Amino acid sequence: MAYSIYLSGEIHTDWREQIKQGILEHQLDIEVFSPVTDHDSSDHVGDEILGKEENSFWKDHKAAKINAIRTNTYISRADIVVVRFGEKYKQWNAAFDAGIATGLGIPLIVMHAPELTHPLKEVDAAAMAVTETPGQVVEILKYISQP
Amino acid sequence: MAYSIYLSGEIHTDWREQIKQGILEHQLDIEVFSPVTDHDSSDHVGDEILGKEENSFWKDHKAAKINAIRTNTYISRADIVVVRFGEKYKQWNAAFDAGIATGLGIPLIVMHAPELTHPLKEVDAAAMAVTETPGQVVEILKYISQP
Amino acid sequence: MAYSIYLSGEIHTDWREQIKQGILEHQLDIEVFSPVTDHDSSDHVGDEILGKEENSFWKDHKAAKINAIRTNTYISRADIVVVRFGEKYKQWNAAFDAGIATGLGIPLIVMHAPELTHPLKEVDAAAMAVTETPGQVVEILKYISQP
Amino acid sequence: MAYSIYLSGEIHTDWREQIKQGILEHQLDIEVFSPVTDHDSSDHVGDEILGKEENSFWKDHKAAKINAIRTNTYISRADIVVVRFGEKYKQWNAAFDAGIATGLGIPLIVMHAPELTHPLKEVDAAAMAVTETPGQVVEILKYISQP
Amino acid sequence: MAYSIYLSGEIHTDWREQIKQGILEHQLDIEVFSPVTDHDSSDHVGDEILGKEENSFWKDHKAAKINAIRTNTYISRADIVVVRFGEKYKQWNAAFDAGIATGLGIPLIVMHAPELTHPLKEVDAAAMAVTETPGQVVEILKYISQP
Amino acid sequence: MAYSIYLSGEIHTDWREQIKQGILEHQLDIEVFSPVTDHDSSDHVGDEILGKEENSFWKDHKAAKINAIRTNTYISRADIVVVRFGEKYKQWNAAFDAGIATGLGIPLIVMHAPELTHPLKEVDAAAMAVTETPGQVVEILKYISQP
Amino acid sequence: MAYSIYLSGEIHTDWREQIKQGILEHQLDIEVFSPVTDHDSSDHVGDEILGKEENSFWKDHKAAKINAIRTNTYISRADIVVVRFGEKYKQWNAAFDAGIATGLGIPLIVMHAPELTHPLKEVDAAAMAVTETPGQVVEILKYISQP
Amino acid sequence: MAYSIYLSGEIHTDWREQIKQGILEHQLDIEVFSPVTDHDSSDHVGDEILGKEENSFWKDHKAAKINAIRTNTYISRADIVVVRFGEKYKQWNAAFDAGIATGLGIPLIVMHAPELTHPLKEVDAAAMAVTETPGQVVEILKYISQP
C-alpha cells in the first residue's frame, strides 16, 4: 500500500530532511526519491565523467542530461511529485519538473510562501495541494496513508 | 504536411508577431497556437466569468484553470512547442509549459539570451534546439518545411 | 483552431440549446457533440433494434450499450467535456461521464446550482471550471477562442 | 498471482468489512484499497491541514483534492474496481470513480439493489459484473483466484 | 460528426454491401473501411509481389502480413469495428480482429446467427451490441448518427 | 529477470501441464497464468454467482464477463501470451485472446498442427514463433531465460 | 481512406522518386513524407542557423536534433514507414528510424538487396514486408489501397 | 531505488562484463539485462527449436523473432538502455534497439569511439550521454545511484 514520492526543487534548506523525518516518525510506508542535491557535483558531473568542455553551454548540457536520467526515471516512477519553490533563484527546473509530472498525469503537491502565489498560479492550478511547510506535506502523506 | 506550433512564454515583446510574420513571408504551411497574451484579461478572467473571490489565491486559481483549458489543449495538439524566456519576471509558467511538452513527448525549441544558460540548463537539455532570436526559429521552421 | 466539446448530463432543460445559441452568436469555431437526448428513444433503443427483453435489466443493458457507442466516441473525441447536473433525478450517468473524461485526461467544465456543491465536490475538484449557467460556459468558450 | 481491488462508494454500511472478511476466510491473495471512509475526517481534511476557508466551496475543494491523491492512485493501481451504490444520498463520487476506472480501462464490478437498475444502467453496462451483495463479490474473487 | 467503421469477417455473402447501401439510403455521414475481400488475390498477394515461396507456411505468412498493413491501419483508425461470423469455415481472423479492437479499446458490434452464441460468448461479452442482420447494424448506425 | 506467460486456448489436452513441467525441470524463473480450465465451472459461473437466467444468451454473457476479469487481467500482465489451437471446436476465444495480446502489443507464441496453417495465417503472421508442441515452447522459454 | 507513408534511409539513389512516380501513375491517395535529403544542407543546418561550433561532435549534434524535429514528427504521423538500406555507408540512422517506428507500433516495410539479409535480420523480423525494389513497394501500396 | 539497464549492441569485446564488474565493485543496486550474446546459438535458434529452413532468409527470420521476444521484453522493462557500437560490422541491430528505446521514451546511453561520431549523430542526438568506455557508463550509474 506504499506510496512513492519525488521531492523536486529548492536545494538550499533542509525541507527534504524534514519530510523524511516526518515519514519516519509516523512510520509511513513511503519511498522517497530525490535529485542529486549536491550543487557542485551536479553542475560538474558532465565534464567530470565525459570530459571537459570549453563552452559552458555544452558543459551545462552534458551535466543536465546525466541528471535528467535520474530525475526523469524517478518522476515517472513516483505516485506523487512534491515541488518546493524557495525565495531565491530562478528555479526554472522546479517548474519544469512540475510540468513533466503534469504531462505524465502524476499528482502534484506544491510548496511555497504565499508571496509567490501570483507567479506560480499556473503550477498551483495543476496541483492537488498547495502547501507552505514540510509539516503540511507530512500531514497529507499521513492522512492518505491511514489504513 | 503542415506543422502546428505552440508559442509559450514571455508576453512583453513582439516575438510571437515576428515568428508569424516570418511564416507568412516564407509561405510556410504552419498553424500557430498561442495563449491569451493580454495580461490583464488573463489575470481577471476567473473573477469576471465565474464571480469575484475575496481571496487572491482563489482568484488566481480560477483564472489559471480557465487559461489552462486553452494552453493544455493547444500544447497537446502541437507538433512543436516553442518557449521563450525573457530577461524579467519569474516566468515559471514558461518552464512549466516546457515540462508539460516534455512529459507529453512533444519536441521543444527554447529561446533565451545566453546569460540565462545556466539556470535554464535542464530545459535546454530537453530541447531540440536552443535559439536566441525569433529569426532563428523561423529559419528552423523553414528548414524543416522544405518539400 | 477549433475546439470540440461534448455536452453531457441533464436533459430536461434547454441548456444545450443555449450554449449552441451562444456559440452561433459569437461565431465561435466550436463543434458540439451531445448524447441522444430523446429520453424515450434512448430508453427503448435496445429492444427496438435488437429485439424485446422480458427482463428489464437486460432491456436497459442493451439500450445503455448502444448509447455508449455514441457517448464514448464523442467524449474521447472532445477537447472539453461540459457536464450539467440538474436539481432532480439521480443523474449518475452525468457523474459517470465526468469520470470517463477524467480517466481519459480530458478537461472538464461542470455546471450546477450552488446547493449541489457538497455532494459534487469530487467532480468539481477535477474540473477546470465550475459554472452555474450556460452563459458562463459560453463566456469561457469565447475567452479561450479569441485569436 | 494476486489481484488488487479498490472498493469505492457507499460508506454507511459494513460492506467493505464483509468483503475483507470473505477474502480472509477463503485465504485469497488479494490486496484491498479503500478511500478514507471516516466521513468527518474526509470532509475537513483540507481545512485542517491547509488552513481554514470562509467559503464552503473552497473548503470542499481542498478536501476533495487531498482525497483524490489517495483515490486516484489506488484506482489506477487496482486490477478491479468495485463500486457500491447504497439506497441513500446522491453518491455522485461513486459514479465518478466508476467513470474514472472505465476511462482508464480497469474492469468494474458494481453492487446495488435491483431498484437502482434503471438510473444506473450506464454504469452497469460498463461493468464486468453487477452484484447485489458483498457475498457475490467474494464469490467472484474466489472464482477468479483459483489456481 | 462522422463515424468511421471497419467491417471485419465473413467474405462470402453481401453483408458489407447491405450495410453500405443502408448508409447511403439514410444518408449517414459514415466512412466504411474493409479488408481486401477478394479471396484469391488476398491469398496470393505475398507470392505475387514479393516472389514465390516453396513452403506454403511462408507463402501464407507473406500474404497475411501485407494484408495486416491494411487491416491494422483501418482497425486502429475506426470508431467502431463490426465483425460478422458466418456459418462456415474457421473464421479465426474474424475473432482475431475482434480481439485487436478490444485490445485497442475500440467498440465492437458483432453479427452472427443465434446458433453461434455459445462458442462466441467471449467475443459477444466484449461487444457493445450483438446483432443478427446487416439491417440491425444500419439501425444502430442511424440511431447513433442522429443530430 | 523472470518472465510472466499466459497460456490461452485449447483446454482438452494437458499441454499446459507439459509446459509447467518443463519450466520446473529446467528451473526457469517463469510465472504461469491460465484461464479457469474447468469447462463446466467456467460455463455456469454467471448463473451460479449472480442468479439464474432463462435466456441462454445472457447466461453465457454473465459467465463470459466474469471469466474476462481473470483472463484480461492476466493477459495484460503477461510478457508473453502462448495460444494453442486444438483440432476440434471453433476456439474463437483462442483467436480472440491472440487479438487482445496483439492489440496490447504483447508478444505472441502460437501452437497448432501444420494442418491449421492456412486458416490461422493472420494469427501466425502476428506471432513471434509458431510452434507445434509444448516442448518447443519450453525450449523457447529456456533459450530466452539463459543468463 | 488515404495512407501516409514516411520514406527513411538511403539518399544516394532515386528510390523515393520512383515510389512517388508509382503513386502518381496509379493515382493512389497516399501522402509521402521524407527527411531532408540534401546531404550538405542536412549536415550543416545546426551551424548555419544556430551558430558555428568548433567541436564537430556538437556541430553534428545540433544538426541532428533539428533534423529530428522533422523526422520524428513525420514518422509518428505515418501509417507506414518504409526504410531502404543501400549497399554503402553505415546507415545507422536508417536502422534507428526503423527502431523508432517499431517502438511506436507503426508498421514497417524494409527495402534492401538480398546480400544484406543476415545483418538486417532483426529489422526484417519486425517488418510487415521485406522488399528489394521501389516497384514492389508501389505494388504493396496499390494492393492495400484498392477500394 | 534500483535501476534496470539493458546492454545492447556489440558482442565481441567484454564491455558488458566490465560494466557488471563496476556495478559489483561499487555495490550499485542495478539489475542488468542483456541479449543472448552467444553468436552461434543466437543465429541458429530458429532452426534448432522450430525446424530447419532451406531458405536462409526464413532461417534468420525465425531466429531473429525468438531473440526479439527476449530483447523487446527487456528493453521495455529497462530504465536505461546502453548501446555500444564497435569498430566492425554493420551493427544495424544496435541502432535498431536504440530506435526502439527512443520510440518507447526510454533514456539512452551510447558508447562508441570518437571516429564514429558522424555516422552516429542521429543516435547520439537522442541520447542522454555519449560515452567512449565502460568505465564512463559505470561512473554515470554510480552518480545517479547515490542516495
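In order of appearance the chains are A, B, C, D, E, F, G and H, and numbering begins at 1 in each one.
Methods note: a contact is a pair of C-beta atoms (placed from the backbone, for glycine too) under 8 Å apart; a residue touches a chain by one contact, two chains touch by 3 or more.
Please read all numbers here as calculations on a predicted model, not as lab measurements.
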Same interface as B-C shows up in which of E-F, C-E or G-H, over half of contact pairs matched? C-E
The larger set of C-beta contacts, choosing between F-H and E-F, lies at E-F
Could you put a whole-Å number on the gap between the CA centroids of chain C and chain D? 23
Between the Cα centroids of chain D and chain H the separation in whole angstrom comes to 44
With centres defined as the mean C-alpha position, give me the chain A-chain G separation in Å. 40
Two-or-more-chain contact residues of chain A, please, as numbers and ranges. 65, 67-68, 130
Can you check the complex and tell me which residues of chain C touch chain D? 56-57, 60-61, 63-65, 67-68, 85, 89-104, 114, 116-126, 130
In their complex, what parts of chain E are in touch with chain G? 31, 33, 36, 41, 45, 49-50, 62, 65-70, 72-73
If we count contacts the way the header does, which residues on chain A are in touch with chain D in the complex? 1, 3, 79-80, 107, 109, 128-131, 136, 139-140, 143-144, 146
